[in-house]
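Going by the order they are written in, the chains are A, B, C and D; count residues from 1 in each one.
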Amino acid sequence: MLLDATASGVYPIAPTPFHPDGKVDEGSIDRLIEHYIGCGADGTTVLGVMGEAPKLEPEESLSIATRFIEGMGERPVIVGVSAPGLAAMSRLARSVMERGAAGVMIAPLPSLRTDDQITGYYRQAVEAIGPDIPFVIQDYPLTFTVQMTPHVIQRIVNENPSCVMLKHEDWPGLEKISALRAFEAQGSMRRISILTGNGGLFLDFETERGADGAMTGYAFPEMLADVVRFQKSGQRDKAHDIFDAHLPLLRYEQQQGIGLAVRKYVLMKRGWIASDAQRKPGAALSAAARAEVDYLLTRLSHRDSRAGF
Amino acid sequence: MLLDATASGVYPIAPTPFHPDGKVDEGSIDRLIEHYIGCGADGTTVLGVMGEAPKLEPEESLSIATRFIEGMGERPVIVGVSAPGLAAMSRLARSVMERGAAGVMIAPLPSLRTDDQITGYYRQAVEAIGPDIPFVIQDYPLTFTVQMTPHVIQRIVNENPSCVMLKHEDWPGLEKISALRAFEAQGSMRRISILTGNGGLFLDFETERGADGAMTGYAFPEMLADVVRFQKSGQRDKAHDIFDAHLPLLRYEQQQGIGLAVRKYVLMKRGWIASDAQRKPGAALSAAARAEVDYLLTRLSHRDSRAGF
Amino acid sequence: MLLDATASGVYPIAPTPFHPDGKVDEGSIDRLIEHYIGCGADGTTVLGVMGEAPKLEPEESLSIATRFIEGMGERPVIVGVSAPGLAAMSRLARSVMERGAAGVMIAPLPSLRTDDQITGYYRQAVEAIGPDIPFVIQDYPLTFTVQMTPHVIQRIVNENPSCVMLKHEDWPGLEKISALRAFEAQGSMRRISILTGNGGLFLDFETERGADGAMTGYAFPEMLADVVRFQKSGQRDKAHDIFDAHLPLLRYEQQQGIGLAVRKYVLMKRGWIASDAQRKPGAALSAAARAEVDYLLTRLSHRDSRAGF
Amino acid sequence: MLLDATASGVYPIAPTPFHPDGKVDEGSIDRLIEHYIGCGADGTTVLGVMGEAPKLEPEESLSIATRFIEGMGERPVIVGVSAPGLAAMSRLARSVMERGAAGVMIAPLPSLRTDDQITGYYRQAVEAIGPDIPFVIQDYPLTFTVQMTPHVIQRIVNENPSCVMLKHEDWPGLEKISALRAFEAQGSMRRISILTGNGGLFLDFETERGADGAMTGYAFPEMLADVVRFQKSGQRDKAHDIFDAHLPLLRYEQQQGIGLAVRKYVLMKRGWIASDAQRKPGAALSAAARAEVDYLLTRLSHRDSRAGF
């Protein structure tokens, strides 16, 4: 089933689990899938920044994506296909769509600066992968150093009918969501799905501003699902209560460069993956950092019983 | 009294209060000072990024700094003197020291890249202001785009005896504090004071890693003082409890570009300043954003009685 | 006389001459003016990047600009007023206009990224200095890291009637000149003057693409004047011949960071300024570099008799 | 034969020739090789920035490199293996060495900032490809935004015995060559080969500062060979004369973003490649730009008879 603009809910960004020797750990992929489904994920996104995509061989990328696609069943899998060259992007995009992916995610090249460069790049990318593959714009200035205004996103959406979703992770970004939803209300932009990333740091308000859900790798996706569900059903305070309970850990995960190490460590402690190994180059947690995470987990378990160990 | 490496506690970064017409609001300066002292501040820092320093005329800068210096009495006032040119930096530094400032804070020029460029710049800055003025390194990569490794800070400290403090706001930065304290323990770096900024987002752990306190503009400095005091007295859980109660708002303030607007709005609601006006160019809060802050304040008041309105 | 969109010819970017002790050398200013006029300059621009503007005290800036304005007589003087804050920009702009400047030059803040940020900044700047002061856009991505597309320049021009000139120094930039002139031909942009900088490295073709002249600090402005004059009178080969004769030296001057040192050294050797001293921080030429410049000057003197020593 | 620190002379950076439909043009590879050898090239470098490497599929990269290796015979071929991930880098490096490459070239990741990050990256890269593959550091700040001081290069050389060459293309960079040669003279750095890039814009003086030759893609490599040969034999003026004759065109080629289009166009006009087609995304020359190149070629043919058409 292809991704479309009605997508909503929680799409965890999946890490790529490795064995300590660097080999892909397929058993842990299966366990991740099982837990994602169990905690209410509506889909998943693989081979993103957090999936250590640039460290994978082309065949590994395809094999990992395929395993997630098969395991998630009816639930849509979005595959990150960002690459320095359009040839590699196009090949991966077509391969994963053939294997059942719901759509692909495309980040801008870090060298893009002006509005025209950014919109031009998305035109070229769509030309390369073909107009029939639904795609997601990844708007993450902190990592990619590319700043897209609401008007630029509007242009990309209007120029490319296959654009169905925005992975919103600008920071700050609340006004951007409001601006995009206002474009839609005015009829100057086609309706798209907006899922938010940025580690979930503003998910409590993003859902109130018009986001359809979350696409991030926080190690307790059940909390993300709670927030989205409570907000949809009008239980604002309950949404904030559960969000606030997790905020100290969520904030700790949101450290550029070591966030993935924190997440893999927590997922390992939860038993969702067997090892927190990363491929090189990758930042490891110090003993002090691990102890800090342990402390945060203990405190969290007093506030959210699902977080007990 | 001159600033030295034993400085500790809480130094709120003071905003510059303006009237709605853009004039400096001196009455609000006096009220700010009164409240800072009342909530346990050990000193204050003025004319930083948050003080809208680049929007001030030279005489205004001097006059504002002087008013803070006089109002704070025995408590040290640190003055931001960062400037594109060393002549302006030197003149402001000497002027405020003559009027009783305890020391100055110097940020790196945004164009600096290599280790040698950064250390060279601090040598030139010290040559310009003179070796007798105690200074603070401001290490804020997110804003200044300059990355200083622990070794670079070590070199700056060792080469410049007048360097007495680091305003630490790297992100992530916990390992950097540990690395610097390890240098001191090994005897390869002179002991300096480390106060942390970054909006306080990691203050709970920074104090555990060896920071001496906080230097940030969060609108409830009494909480910063609590965290520092509880940590010093070994009450770890209490420190985290009060920190966590404030984290939702503190996180909201930590939005690049609009953080100052949030802080001024909260300070105005607390009655510490008369208006949340900023000089142009400055980002104003939308109605939606103000409502979000109001909601966060209401929730906060249930957890910390000092936050009631 | 105010600057307007008909301005053309050569506006040398003037360095600020200093005595070896760092004091401003007013006698050398007078000599520079005399030589500029003697070699056919149509105006001059002061307090630009090359004028070491950020190293000057406010009173010095005003005093230097005034001396140039008085010395140049009827010929227009453009004053760089770029500053981190709008208050300082506005004050300098008004002061120099009162003293007879023809217009001001405004560079974008280095932090600007998106089209909307850039056009917004120029709106704010015009609001700050007032709509009656003619201004020049400085488009120099290599130094300011801000990229303006032709459409952005079009918006700035159309939104701000007081914008009369573009100092074009994008690199590459030939197509940009053509695009802007095409906008004018189509009637979608008001006619402006375009003078080119970038050290003159592409002046030979820029004049053919539609530039009205040169605004750069190359130490032989008589060559710039030759190129512009020959091109205007249809003597293409002669324009390129004289340009090519100077290109080895001109290219040598165009080294980021040391270009000013080269220019001051050559101007000193020509007797136009008394010393090549720069204020700190400033890159000095090594003995090897000075010998290289000497060698280039010797070679140049065989091709252009005005370059003999 | 493996590359070592005695390498010198001219290594043209080879473009990847494509047919207008985007397929690799193997016949043009053969013709390029023939001409390179004919004009005195000592080796060649393939799959660099100019080789459109990121636009190639992995098998294409290997096949192109192999064809060059076979065609160049005894002359060393250096293969660019820079990649976002170490897995891809390592695989390509081993594959081309098995097929007879002399060594590989590694550019830093654009995200690297501090000295420690840069040296750490080269350690990891050597670990990934193995310590037995000779490698070249590519130091090109303008394109990669990474600034390496002489001390950083010294550390990389001393820490990694397999580092045998620097492709120097810092700008300005003359003092860097002198600094590195001084380290060698003092015994604080092992002797390496230095070939210079940067389009050759400073080759005339780089050879005088201690460079061993040129590694750049200027479309008349015979001129590069002349300059290197004349300088080695002490004919300084002759070296500069031939260099200056080519400087107007060489400077024109040195336009970021369109330089490759200019070079392919000139190589096509010379009959060295059949088409100037680039894979997308790639900047095409406008009609005006082509006419400018034609004009420069006509002028060049009057100064260097080998440039006639």
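By our rule, a residue touches a chain if its C-beta (ideal position, glycine included) is under 8 Å from a C-beta of that chain, and two chains touch if they have at least 3 such contacts.
This one's a predicted model, so the numbers in the text were calculated from it and none came from an experiment.
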TODO: Among all other chains, pick the one whose mean CA position is farthest from the mean CA position of subunit D.
DONE: B
TODO: Please state whether the interface between subunit C and subunit D is built from the same residues or different ones, using more than half shared residue numbers as the mark of same.
DONE: same
- [ ] To the nearest 5 degrees, please report the angle of the rotation taking subunit B's Cα atoms onto subunit D.
- [x] 180
Open item on the list: Could you work out how far the Cα centre of subunit A sits from that of subunit C, in whole Å?
Closed with: 47
Task: Between subunit A and subunit B, centroid-to-centroid distance (C-alpha), Å - done: 34
Task: Residues of subunit A engaged with two or more neighbouring chains - done: none
Open item on the list: Per the contact definition, I'd like the list of subunit B residues that touch subunit A in the complex.
Closed with: 171-172, 174-175, 178, 201-202, 204-205, 208-209, 240, 243-244, 247-248, 251-252, 255-258, 286, 288-289, 292, 299
Open item on the list: Applying the document's contact rule, which stretches of subunit D touch subunit A when the two form their complex?
Closed with: 54-58, 83-88, 91, 110, 120-121, 124, 127-128, 279-281
TODO: Flag every residue of subunit C that touches subunit A in the complex, lowest number first.
DONE: 113-117, 147-149, 151-152
